[in-house]
């Protein structure tokens, strides 16, 4: 079940960077969810590379929905979206076919697939595959929004520059979902962009931290062992290329603290049980407590850099030097955020369908 | 498949803190793995509470292997280990039944199970359930060791006190596996213990960071989507009570860095392809590269503290105050490390069996 | 996930015939289902061997519920039932350890487990393991009954003797569930018993066909691909030792017929959509149509016979002759029916929980 | 995981009869398996409807491999095959949209999907979806053949006319795989075709029994509980529209027999352990014994008939009468056989990859 994720609502990914196309099959979604192709296109545009950071024109990726949608709504049967690969040029890759790019999967792919892998452009490991994830995620995001569940992610930190903390979550989420470069503080955004461009000019790259909040998930979702909300989300999030860490709530801030500082006290507010703080990120014992789910993903600097690097020729098993050419962004963190939103939405649809049944997110639910 | 984890080698957990007993079923293990009951007992002793931090007598938990072992070796059929609950006193719990302990799962359990949960001592959410995980993990650890794969975890940080970094990994792992309080630097260990005791005297608690290294895993294990080594390990690790973050390799240190600083260059050493640094923690593109797998778990301060706390009565939905009584450790991080080792071992057995088949880890392999 | 069956409600089996004990873990059941130990004991008695066919004293197997039940109801966490193996005598088995009993799993177990298997009494392949399945199934049967879903199985055919067809299903099911030797027609029952005893006296054995009906399952449960009601039920039913065929509805009777004879016409009855006949056994396109689910299991003659048989010594790989000794029933079909009921109930709980959510079968559902 | 089948090698199906297209994602296959598009086309032609029974021109379905194949071999990453739907005319369907065709899934689809289903031509329930299964299966068949494992299916019985039994299995399988109308005895074939045409002229339909044999599967594959070879195969086979029964080996012939007649005696032949008969169909205790795997599928008469039928309008919930129009074959059994072969191949690839690891069936295995 390698390339399939989810138990009740599942997504299956396929495709290589330079093959005929990529895509996703989204299965188990409730019937009756509206499918808005313009919204899918918008979401896809958020992860596309841009000429200058953050100034992406919302150009459309071509995609096709092959199945699972009828008269504008999900049917409840598998929804397959494909995205053709266009203008792929493979000629650049033969030269470096046997040189493992540091920080990339070239060498591990070869260990796993014994040379049968499609090595061009990273093949099945390419960040391009996340386009399919985003397309599928867009449907999940719509389904959740119709139940009052919304997701927002900001670049909490990039190249050492911090964004401001979440404040009014509902407003912040709405704001973020209208932004291309999702940073809450304008000055921080400008500084991040400057640092990204500087890194690019130096042939280098930067990373950072994404922070995500989800509001509206009911209390009581998740399992103590092993399908904790944290565990299932992390399982999906670590698939996103460059994500090397996932933390919930106050996370590593708690490591040096005292229990009395980070136990979120319960209180009754307007008849509803809440916690006064949310250091645990909306999850206790693996199960949602009705507070916002909050987590962070650490995104490493993109490994494609233009400085000459030491590596090996993994066919001859000799040391070698590598100079990457072509076009690569010095940062992908601002583009990764829509992938994080998508994985989060798909995971939550799965958890909710498992908890409340297959109709919960659909048109027949009441 | 809630309480079952793993696809080819799987572990199923059961039990409540104050029920008749707890246990685990370990399925899919190769036939012929030696099962050493003394080693299981030793591992169990590492997670037991101790009178004074780090001075645990290696007292035995009683456990029984009901199935799956014959003449001292695994049969290849499910191995069930049960651990009876002894000397459980339930009387303390009725008084606080309706008061949600902050930072605990009392309230979320009630949301999920509607009051039918066994609330005594945390029920199925109790840290005690990890004893079953440790017992099962001990078998997995043995299986891996017989293939040259060893795992070691140290308390990298506790109550703000750092341990030294890993140095000679093989030696450090061996050292850690002989220690009760797994800290590599003696002075750091002493300081941590002092802080833990001080927190305990103040009715408070502390947390920290565990760091784990695994050596000997072959290159080429794991999947690009979605069963990355990172994702599958994190899925399991987040089940461990109090773990709120998981990071691989240099992890959050990479967030503020440049790509050129953290791309691990490849090199050939004695005919073997290695990376000169291991900032990616032994995993590229979700797949092992043959270097040590290294990751950290953030362990929040144990939520059981003896200061009075604000909470709610979740039956009457009114504000309340809670004073926890009884015996609770001011730190669990040093006891959690054997649980981390166990989850790691179980997860790796699963990934390896999926990659190399059901006999790989057993007596018939080679 | 070998010894675990089910996606939302799952059962995990463990144990060997002559080990310390056997058992099952039942996970994903709704909280609040009443657990009636007397009913579990009754169900267990239906599969126990009896001195004379059909005259089993309802003696109790000892069993223990280790977890998942609190104050008489399911908690929603894993329910583990263990059944100790008592009075097991292993001495008989060493002599025939290397002689594959024809029709049994001795040889295939050795191929799979390489000699590490617990060979005594069939080990993990023993029919005894079904006791754990029956114990777990009893809880599932109760859960379903509380939702108006009832299951009944009769020996439709044994040793060539046919029982009468189902007539008034609700009455027949009720009648069957009160019987030890579940045959609707008394004369047929007497004739079957006579043939079973004759076979036994000849050192031989007989088989037959079980037919099961389930009423009360709502329309709309199951999947077109691949989790059809037929496919999922069959998956489970084929685990029952000696079951070699599963058919739905009129089944093989349809093979020689015309479409016009076996297309079940729809009709409206009291405002409810029904089919006038039920040749399709309550399932169209893999999904329940609201009519009774009806299927048959073919049970081969028990392979333990007392005639001398040709076989091989699979250690020396030489031809050999085998004379089975000890106590073995000349028929197991009448005992297998409670196993069929149990697998059916567990499978339906899984399908229903997947469809309607985790609370559907429990005490909190309304 | 509804539309995904298989644990280590899995197939995911998508598509509706009258949507944009159908397809399959095949995941977990070893890298290095040759992919022969002409063979895929040939297999597809075997399930296409034909002008006259058994005289199908081997016309090509258009299909496209989007991913997972590079330089003519599997890469080890997901292989997606899509087949566009061409010349679909939807106008016929609106008229009968609310009339449940007896024996079809129209009504149950509506119960499950609440009217959001794509009802045209059976939608996701259409036999057309099996084209995707056949395309994926063709790759699995090639992979197995390269390991010496071959599969053959004949129409053992159709419209009451029996084919001869399997004799020389290897020769029979080879013969069947070269035939369009897979009946071993020519006279039987002619008689079947005559009966099929007669049924068609009467506006009626016929069914029958398919029998499949697989040779070359090593001993020791499968699980005792619950992933028996029988159970896993049946799970997949029941997805094939019109299959209502699955039996292994001598199957229902054993129901009336004595154990002494059907226990397959073991013997040593040329140093290899075999059974002298194969009444158990190559499986003991759920595990292969090295003999041919033999099973039968009962195929009900195709429910699309041209006689007027009683039904209901499931919107108004009133009785109605239905006259099906258009083109429908009076038999599908001869076309279903390639679907059976495909499901069998996919299932065996899954079982073998689980047993022997991900490389077993591929180009890197030795």
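We just call them A, B, C and D in the order they show up, numbering each chain from 1.
Everything that follows uses one rule, which is that a contact is a pair of C-beta atoms (placed from the backbone, for glycine too) under 8 Å apart; a residue touches a chain by one contact, two chains touch by 3 or more.
None of these values were measured; they are calculated from a predicted model.
Engineer: From subunit A, count the fewest steps through touching chains until subunit C is reached.
Structural biologist: When the steps are counted carefully, the minimum from subunit A to subunit C is 1.
Engineer: Which one of the chains is farthest from subunit A, going by Cα centres?
Structural biologist: In terms of C-alpha centroids, the chain at the greatest distance from subunit A is C.
Engineer: Using mean C-alpha positions as chain centres, tell me how far subunit A is from subunit B in Å, no decimals.
Structural biologist: Computed value for the inter-centroid distance: 27 Å.
Engineer: Indicate the whole-number Å distance between the mean C-alpha point of subunit B and the mean C-alpha point of subunit D.
Structural biologist: The separation of the two C-alpha centroids amounts to 45 Å.
Engineer: Averaged over CA atoms, how far is the centre of subunit B from the centre of subunit C? Could you give it in whole Å?
Structural biologist: 38
Engineer: Do you know which subunit A residues sit against two or more other chains?
Structural biologist: Subunit A, residues with two or more chain partners: 1-4, 7, 13, 77, 112, 124, 224.
Engineer: Classify the chain contact graph as line, ring, star, complete or other.
Structural biologist: If you draw each chain as a dot and join those that touch, every dot ends up joined to every other.
Engineer: For subunit A, which residues are in contact with subunit D within the complex?
Structural biologist: It comes out as residues 1-4, 6-7, 10, 12-16, 19-23, 25, 27-28, 31-32, 64-68, 70, 73-80, 82, 112-114, 116-118, 123-124, 359, 362-364.
Engineer: Enumerate the contact residues on subunit C facing subunit D in the complex.
Structural biologist: Against subunit D, the touching part of subunit C is residues 1-5, 7, 13, 100, 102-105, 107-109, 111-112, 124-125, 129, 157, 159-160, 199, 204-209, 218-228, 230-232, 234-239, 241, 243-252, 254-268, 271, 273, 275-276, 280-281, 283-290, 298-305, 307, 309-312, 314, 317-319.
Engineer: Under the touch definition given earlier, write down the residues of subunit D that touch subunit B in their complex.
Structural biologist: By the definition above, subunit D touches subunit B via 7-8, 77, 224, 354-358, 360.
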